[in-house]
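In the two complexes below, subunit A is the common chain; its partner is subunit B in one and subunit C in the other.
Let's look at the complex of A and B:
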């Protein structure tokens, strides 16, 4: 038996791993069934690559330009998913249901961030190969790029979840998320593009300051992960 | 007199400049039913949401199942069954999936949860429609599922806001078995249908707009 409160008044809290798995599974099941976020994110990314390809009139990109095109596209595609992250909780009473359950409310933050991380990884599984096909002469830098993607995604998931939970109660949600989120992720994007640039260099991947940028990404993830986990409970108060 | 399940004194809730609820005081013993009456805007739903720990009181005292609000609200969660205006069900999941989700949030293991869900679906006549998406169900069927959700974790206190909403006569009778008086359940029922609910009330709280609440 996992923990639950009984009618005699004993205080019992549902284990966080149980609540986390329940919320994450619910979100992924809903997304698989409705396809409300991921297809829009992927379509946005692919369309943006097409625009860049014809707009820049280049069949090959490298270095800082390749890095900038990739991260600008992934960031704005991510905003589409972040906008919708808490819509079901707001419109279908999920916030109340979770506030009524004997769980640590920060679990909702962790589960939503994990769901967003899954969306971002799925987006990149589609978008990065298309980016490579459109713009890269060599796929040699894609292996180490996975580490950059994962660390940047963790930071985006933490920050995006926090901002989305704050914006969801506003009628101007679609405006508020980019307005608040984008300035907050500037350090993350600087580190992600800085780490990606040498990997996509014209002569093949290089590793100048690669470790430093990864450390910056890791530090950003840690800070925003801890901030989100610490303040999320207060954001759910009336 | 058994231990008080509910003890309120001078309870108040403000929304900015406006006072939605003022001067509510009463004591309700465990197993008793309180019926709350009043016109629209009198603060009935606000009272219920305070008792459910979904709103913080602005003043006064509220002790629910021995827990003082809002400080000990965390001890109370999981012991309350709340049936509000919204069914608190995800539209893209089926009724059964919704109930499994709520069972997990309340820490009920899968096997007993499945047994309990099956029994509740049978009790509300929802077995045959339980695997359809909630979005495809009528308002009455959603209300039946919401009642299942409300009592799934066998709460000690039921907070029911217009529990008969959208239910037909058969639905109301089925619901009565789950959320009606008896079985040791303490209940607070907000209603606009006093004829139906007053006969089962141990106490009645009348809320008026801009008036101090009266208990009888």
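Let's look at the complex of A and C:
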């Protein structure tokens, strides 16, 4: 990942694609080896389902209750991963290394968001089937739910990366992520639950305003993707 | 130097507030449905509009800070958001009073404007613990600006999402669209809006002036080797 000096002695900048792939591969490899975040997120999600089963005193869920339980659980499990996203960078001097490397700094934002997206998809690959097994009468709504999950994950990855990178450099880092992130993702949750609710309705999946909600999710992803990409440079300066 | 023009601005604000209040009580007609309580509309809605615009203005100042690197803009952004949060408290209180009087409940979840304002308010309430958690002043200013920009983009998006969520189950019966107002009400409303905007600007200017003065005093004391009493607020940025 170091810049190569060409014949005239000028340092060439590593192409962003290469840097992106390197950082993403580094993150996924270290997660695979240490298993710091994902097992905790999945375990937390499953335990939360059990808490909801007794808290709501229901053995099967549908409609708004199902979508609320699913999204609240996924969001809080995501917060666990988001909290830890930059811990290695801070503790092992990764931020300094990125600053020294001849790469465009926004690449770190894109790569970290991609890593978080992978975590979230892996979390959902575990948690959603278990949710269906625990609470749902039919799995018919799960197919179209994939689109909602993917779009909501993109938005969560963008905002989560942005907030996490700021929180990790503060005194109250574990406190700051849930505090700042939750209000920020309220619109995302409104759209995600709005799209999920008819999908998990008792009488089989319906598609009330499904496209509109997906459009809102897409707009949220676009705006916070762009905001994160534009301001991330300033978070790395020192 | 921040104090320049503060006196005429304050006088204009007081005059405008007096004018708008007299219009509210002596000129604007009584609402046919809601009667006297509807007059809180001239306080509540301008406060809300000014607070929301103030939040976005804080984001614009934050962009200026990141682009120029001048810490002055961070102080502007902080004071703008600070003042808007205070206005936001007033919005929530007046809104609750109005809701109790006209709908019978202190809080109504079906009304999208209420809910979206609450979410925006909660979002900006986290601005203080966020600033407070970062010790290095230079980094604090940069991070706060990033927060202000992200939150500024969040304000319109949030209003859209909440409005869509509610229109599904609840028709907008209490639309406050200005198109439906009679001319006298419209004029009164615009005067109140101008008065609130002036009040916001004056208070922002006052706070900047106060910060700049206390910063100067602190520097002078340091230059004279005099003891500096109390290091002041740790979250509020200093103004040079």
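Everything that follows uses one rule, which is that the second predicted complex is superposed on the first by the 228 of 238 C-alpha atoms of A that agree within 3 Å, B and C clash if a C-alpha of one lies under 4 Å from a C-alpha of the other, contacts with A are read in each partner's own complex, and residues count from 1 in each chain.
Keep this in mind: a residue touches a chain if its C-beta (ideal position, glycine included) is under 8 Å from a C-beta of that chain, and two chains touch if they have at least 3 such contacts.
Small disclaimer: the values here were computed from a predicted structure and weren't measured.
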Which superposed partner A:26 touches (first subunit B, second subunit C, both, neither): first
Partner chain in contact with A:103 - subunit B first, subunit C second, else both or neither: first
Subunit B versus subunit C as contact partner of A:60, first or second or both or neither: neither
Contacts of A:162 with subunit B and subunit C, given as first, second, both or neither: second
A:93 touches, of subunit B and subunit C: first, second, both or neither? first
First, second, both or neither for A:47, with subunit B first and subunit C second: neither
First (subunit B), second (subunit C), both or neither touched by A:237: both
Shared subunit A contacts, counted only where both subunit B and subunit C touch the same residue: 237-238
Subunit A to subunit B touching residues, read off their complex: 1-5, 7, 9, 11-15, 18-19, 21-23, 26, 29-30, 33-34, 88, 92-94, 96-103, 237-238
List of subunit C residues in touch with subunit A within their complex: 66, 119, 122-123, 126, 129-130, 132-135, 139, 142-143, 145-147, 149-151, 153-154, 157-158, 160-162, 164-165, 168
Subunit A to subunit C touching residues, read off their complex: 159, 162, 166-167, 169-173, 175-176, 179-180, 183-184, 186-188, 190-191, 194, 208-209, 212-213, 216, 219-220, 223-224, 227-228, 231, 234-235, 237-238
Touching residues (chain side subunit B, partner subunit A) in the complex: 52-56, 65-66, 74-75, 77-80, 82, 84, 86-93, 97, 101-102, 104-109, 133, 149, 153-156, 184
